[in-house]
Amino acid sequence: MTPDPAHGANSIAVEGIDAGYGLVRVLDDVSLNVGSGETVALLGTNGNGKSTLMKCIMGWVRPTKGRIVAEIDGVRHDLTKMATTDIVDLGIALVPEGRRLFPRQTVEENLLLGASRPKARPHIKTNLDFCFETFPRLAERRGQLAGSMSGGEQQMLALARALMLNPRILLVDEPSVGLSPLLVGRTIDAIKTLKEHYKLTVLMAEQNFTQALRIADRGYVIVHGKIEFEGASADELNNNDLIRQFYLGM
Amino acid sequence: MQFDLLINAIIAGLMLGGFYAAVTAGISISFGMLDIVNIAHPGFIVLGSYIAYIVNAQFGIDPIVIAILALPVFFALGTGIYGIYFHSFEKHGQDALRGLAFFFGLLFVTEVLLILVFGVDYRTVSTAYVGGSLKIGVMEFPLRMLVPALVSFAMFAALQLYMSRTFIGRAVMAVSQDPQALELMAVDPTRIKRIAFSISMATCAMAGAFLIVIQPVLPSSGREYIGRVFAICVLGGLGSLPGTLIAALLIGVIESIATTFYGPSWAPAVSFGLLLLTLAVRPSGLLGR
Amino acid sequence: QDTVKIGFSQSLTGFLSPNGKQALLGQEIWADRVNKAGGLLGKKVELKYYDDKSQGSEVPGIYTKLIDVDKVDLVVSGYASNQIAPAMPVVMSKKKTFISLFGLDINDKFKYDKYFSIIPTGQDTKGSFTQGWFDVAMQQSPKPQTIALTFADAEFSQNACEGARATAKKLNLKIVYDKAYPPPPKTTDFAPIVRAIKAENPDLVMICSYPLDSIGLVLAAHEVDLKPKMMGGAMVGLQATPFKDKLKGKLNGIVNYETWVPDKKQMYEGAEAFYKEYQSRAGAAGVDPLGYYLGGWGYAQMQVLEAGIKGAKSFDDAKIAEYLKKATVQTVVGPIKFGAKGEWADSRMMQVQYHSLTDAANLETWRGMSYQTVVDPPSLATGKLIYPYEKAMK
Amino acid sequence: MKAPTFLLILTAVAAALFMAFRLVGNDYLFFAGYTVLQYVVIATAWNILGGYCGYVNFGSAGFFAVGVYSTVFFHNIGQMVDFQLPIPVLIVIGGIMSGLLGLGMGYLTLRLRGVFFAIATLALLVVIETFVVNWSFVGGSRGAYIIPPSEIPILGAFIQYLFLLMLILVVLSLAAARTIERSRLGIGFATIRDDELAAEASGVPTLRLKLIATVVSGALFGMAGAPFPYYIGYVEPNSAFNLAYSVNAIAMPMIGGTMTWVGPMVGALLLSTLQQVITVTISSAANLLITGLLLIGFVILAPKGLVGLWQSLTAGRKQP
Amino acid sequence: MGQPVAEEVIGDVPLLAIEQLGKRFGGFVALDTVDLKVPQGQRLGLIGPNGSGKSTLVNCISGTLQNETGSVSFDGQRIDGFPAHRRARLGLARSFQLPRPFRTMTVAENVRVPLIYTVGARAGVHLTQSELEDRCMEVLSLVALQDKANKNPFDLTQVEMRKLELARAMAAEPKLLIADESMAGLSHSEVEDIVALLIRMNERGVTIIMIEHIMRAVMAFSQRLVVLVSGRKIADGAPEDVIKDKDVVGAYLGT
């Protein structure tokens, strides 16, 4: 079952933003873009600003400079001043850092909450079926409280919940956090499956660059709030010295 | 004979519990689901009683019908109060203690307004079912208790359906756990809280009507319910309507049995002792998640 | 100075306020009348009162303020026991004459020689609330054998029940149920209590209750079909018009204490005029429309003070007290003569039975005697008891 | 200022106050003053647990009442053996009783956080009240008469004696609150209010400190309650377990400010004086209305209480 | 790089000995029979993927959480079951991964808490007010926060907040200091400062366990490296060897 096909391009462009918390500036003139149908990796170790960038796109953190533009089904929207709920309503979904599930709600309730977006409501059944098909574990545990599930299961749930929104663009913030190496691989694979099924545009923040690059078309490396490197392909990133330096401390 | 007594004690307890449940329903939403310590809730229940009284006295309409007609009024009142609460407290980060003081103040103000408008006398309503009672075998159902209890059960069923089957309802249950994450579901958490708080206030119209059907009401009647209402809510488990209902029925039945067989004097200690015990053993309450 | 100030606290808010405000209206009507007639010993009367919020803890401060700051010349009490007792130490230390309103047996502990009690309980304060009730009950046949006692956990009802218990024992009635209950809103549903009583199948049911529980118990008795041979006793609240209006036909058969009724025999001097005025002002004051329970008594309380002043020809507390100890004062609720401890020399507590009420009952009904018979004391009786209870229920 | 100096100054102020009151020579001042002072002690007591440690006690009236009823109990015993303990001794006993209750409550409920703790204290209040209502030795629901002597040697009117005792209690409790606040104990309390986990990791024995707080706070409540039977002359559960104590105990520190010993005192002086004044000027529901509006107004407009308002006014505008 | 110290080399009683430690959350096994002995004076690096149980291990050692199985011994004494504050007094200090300052206190007061309740509570120690002040400023200057002594924690930047977190742990004059990701978000030079600081403390005899994702810092600091994956210890030894370990590369660095 394929949900309704994308009617036009879905892309995001971040144009020279500065952002931070209080007096602390975290992002410094960051620009990046994610083309329609692409999977782009945003690489960087802890605290370099990946999540902050995600929050800027979602309207949780307001950039002090620059702007963020998204194209949804071929229509351009300036996200810079929009409310988070409106951004989500356009069809941009975020799987946030720390998953942010509703721990005292069941798996199914969490999923249905994902479908709160008005445009997703007509597709609840097909989306739910697809989620359960892709993550059979969730089907087994649909009545369990989300907070009592293991990290891997929670990550699946977070992904599935985002898909219940029926998004055009999916942002994923560190899907590998808290997962065993095996699960990391599986989760990354799942993102790929979902992307293909829903014809999504994906921006994925990751520390685990080896895993990330398995599915990324290309990527950016962010260091201390600056885009230090832009790799036009996974290979280009794989063989970069800068990355070896940051990741392995050599 | 003893058996009759027991059966009827349980029935009376269930009906009493139904009433307690109605009184607690709103708290279960505002305090249990939204983390808003609305200590003024019983005060608004009394306001509901007075509205039932005044309309009943003027037009002779049944108090419960009046309550249903008054639902939008209380809903709107809730929207207004939440607006003040939100702008004064919630927006600047949670401060439960100050919110508590705010609602304390509100409780007094409501009480005084009732005194100023209606005077200090006891108020009552007249309805067909006060005094009558339904008998099935040895079982007796005083209509004065039965009607409120049944309407209360219906109200709970409706609330529970709303909370579990609608998008807004589900969001209400989740909002206190992570309001920001709700935004990621395209849901405005403030709007959800406003709606939920307004619903919780709307229950005051119903509970108020029940209260005045069951007994005469004074402007200060609400105060005495504060303890019981929060006790039931916590006993049932925060945020769980079924839990609240069960706890209310449990307290009702325990009080009724204690009253029938051991003398009523100790009934309050029994129910609040039970609460203390529950908190010591299972701090999340009976059906707490 | 050409005014005389009379000070008191009154429950104008809180749970006692329905009665407190009613008494206040009586007191104010008295002051107006006196002033219209030129005042007391040539001085205009000024009432100085504060709201005690039905809380005893406010009372000591209020009376010291009245005496020390407002320099009132005389004090009287507000309504009722719980506000009278806390005033006593202050009043005693200032050596003021104190005329109290509806306090039950207060001076038993204080033994104050300038205390005068306005409540028709007589010397046996606790017993007289229910003595007449037992008297009529024991005259009936078949003679009752067993009794159930139920009472609110509160000072008045405990005391009244203590009196009833003693009387019951004296009469060799078997006590089959004897339990207190916490007054509302701590108790919401009275059916379990009534059912437990019914299970004991008593001949008599003696209830010592406060307004809310009175209502709750009467309704529950009907719902549960409790039909002893006689029921009632010391139920506070049934005397108030709003409650009568609430219960209507469900009052039928109940025998309960009463302090004044608009019977010909009790139309004492000034009564008619007073109640007329009271009733014309009740609406504006937002109190009981008839004022039979406390309006008249608040007025009478002040009449006693008035008599004291006039009798002593002075505003001096000691002289007033001296005079009141000996005098018989005529009031709108009848002649009052004080005995030991400042209580009445003789009880004039009545027992009244309600009957023939239908849902059509309204203010006009309550205004008269058609629905109630004074069954005790014999001197005030207006008819015979309908016995057993069930016969009067229709 | 060192603690002894502070105590000295406070005592001097108290003594001056007392003498000034005597000069005016009107008993009402003492009656009204007693109530105000009683609330200063109550607000201070609440603040030790609520303001310093962040544990909200809803059941203040219960602790107060235990002090009240401990006096009634010993008074009644005294009636039997014909020997009355002097009131200062009764105050100490009341303090011990309520302190013990605090200890018990602490053990039972201190593992509960936030609102659960608050609800538990409320439940405890009801349980104690039911117990008292059913305990006929202390009068049960019917109440007990404690007839105070009207005169006392040297001082004259008995109320002056009660006032003086309460004044001493105020001095002691303020000194205690201030000492705690500035001592290592106070720092420990503050860490509990801020972050219990971090406090433990920094070596703060949180459970023990919380127990100390419940005991000290409870004892002060009890001491405030112990002379009450002599003040009112007739005690019944409704006046001893009055909701007003629980409400004012929270409202006064909230209005004054919960972070320092000054806040509860200022809040109590202000609110309680206002309540006294209103009672004797506008004899109506206005009292409640004003308490209510003040509470609402203050929590909205002066979130840190009067003390906080004062501090931010004197400190000038901080940088954004 | 310091010389590798393998466990077998240790003769004396280790300062910290963890045996068969287990901890679950509901059904989720966060720590699965972990063994670890840390000799006096060692600088130990602890790494592992997110969620591998590092913080949980710290919590179990410091008493913030109680372990369910196994034992924790410190300085020759079984300490599991001890409340956290007792462990702190024995000389076990930790910083929190997410800074948890005391919100209503100044920076200096924050540091004073462990001075009073840990150092001051040890037998035979009595700190006068001025000693307290001196030590407090001393600790603050170690992390270069002396100028912010009278600021509220909320006026600090994230980086300064982390330094405060570390200062508070150091103030307790611990025998063992556990620094849980104290450097996330710090700049290069700041990371170097902190590493140097930790090494200095170590030279004064403090045993240190450092949890870190920044490999540069880990390599510069550690004498020994332990890797935790899914609640299990998968490698333990000299840092150079450990990072070459196949399992480690696979699990942590990703392949």
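Annotations
Labels A, B, C, D and E are assigned to the chains in the order they are written; within every chain, residues are numbered from 1.
One rule holds in what follows: contacts are C-beta pairs under 8 Å (C-beta built on N, C-alpha and C of every residue); 3 or more make two chains touch, one makes a residue touch a chain.
Keep in mind that what you see is a predicted model, and the values were worked out from it rather than measured.
Under the touch definition stated at the top, chain B and chain E share these contacting partners: A, D. Taking the mean of each chain's C-alpha atoms as its centre, the chain lying closest to the overall protein C-alpha centroid is B.
With centres defined by CA atoms alone, the chain at the far end from chain D is A. The distance from the centre of chain C to the centre of chain E, with each centre set as the mean of the Cα atoms, comes to 76 Å. Our note on geometry: chain A versus chain E, Cα centroid distance of 33 Å, whole angstroms.
In whole angstrom, the spacing between the mean C-alpha positions of chain B and chain C is 36. Distance between chain A and chain D, defined via averaged C-alpha coordinates, is recorded as 55 Å. Residue positions 115, 265, 268 of chain B are each in touch with at least two other chains. In chain C, the positions touching at least two other chains are 12-13, 153, 180, 182. The complete set of chain-chain contacts reads A-B, A-E, B-C, B-D, C-D, D-E. Residues 12-13, 49-51, 53, 55-62, 64-65, 67-69, 82, 85-86, 88-90, 92-93, 109-110, 152-155, 158-159, 180, 182 of chain C are the ones touching chain D in the complex. Residue ranges on chain A touching chain E, taken from their complex, read 21-24, 45-47, 148-151, 174, 176-181, 184, 207-211, 224, 247-250.
Per the touch definition, chain D reaches chain E in the complex via residues 184, 187-188, 190-191, 193-195, 197-207, 259.
Residues of chain B touching chain A in their complex: 164, 167, 170-171, 173-174, 177-178, 180-188, 239, 289. Only residues 58, 60, 83-86, 88-89, 93-94, 96, 100-105, 109, 112-118, 121, 145, 161-162, 165 of chain A touch chain B when the two sit together in their complex.
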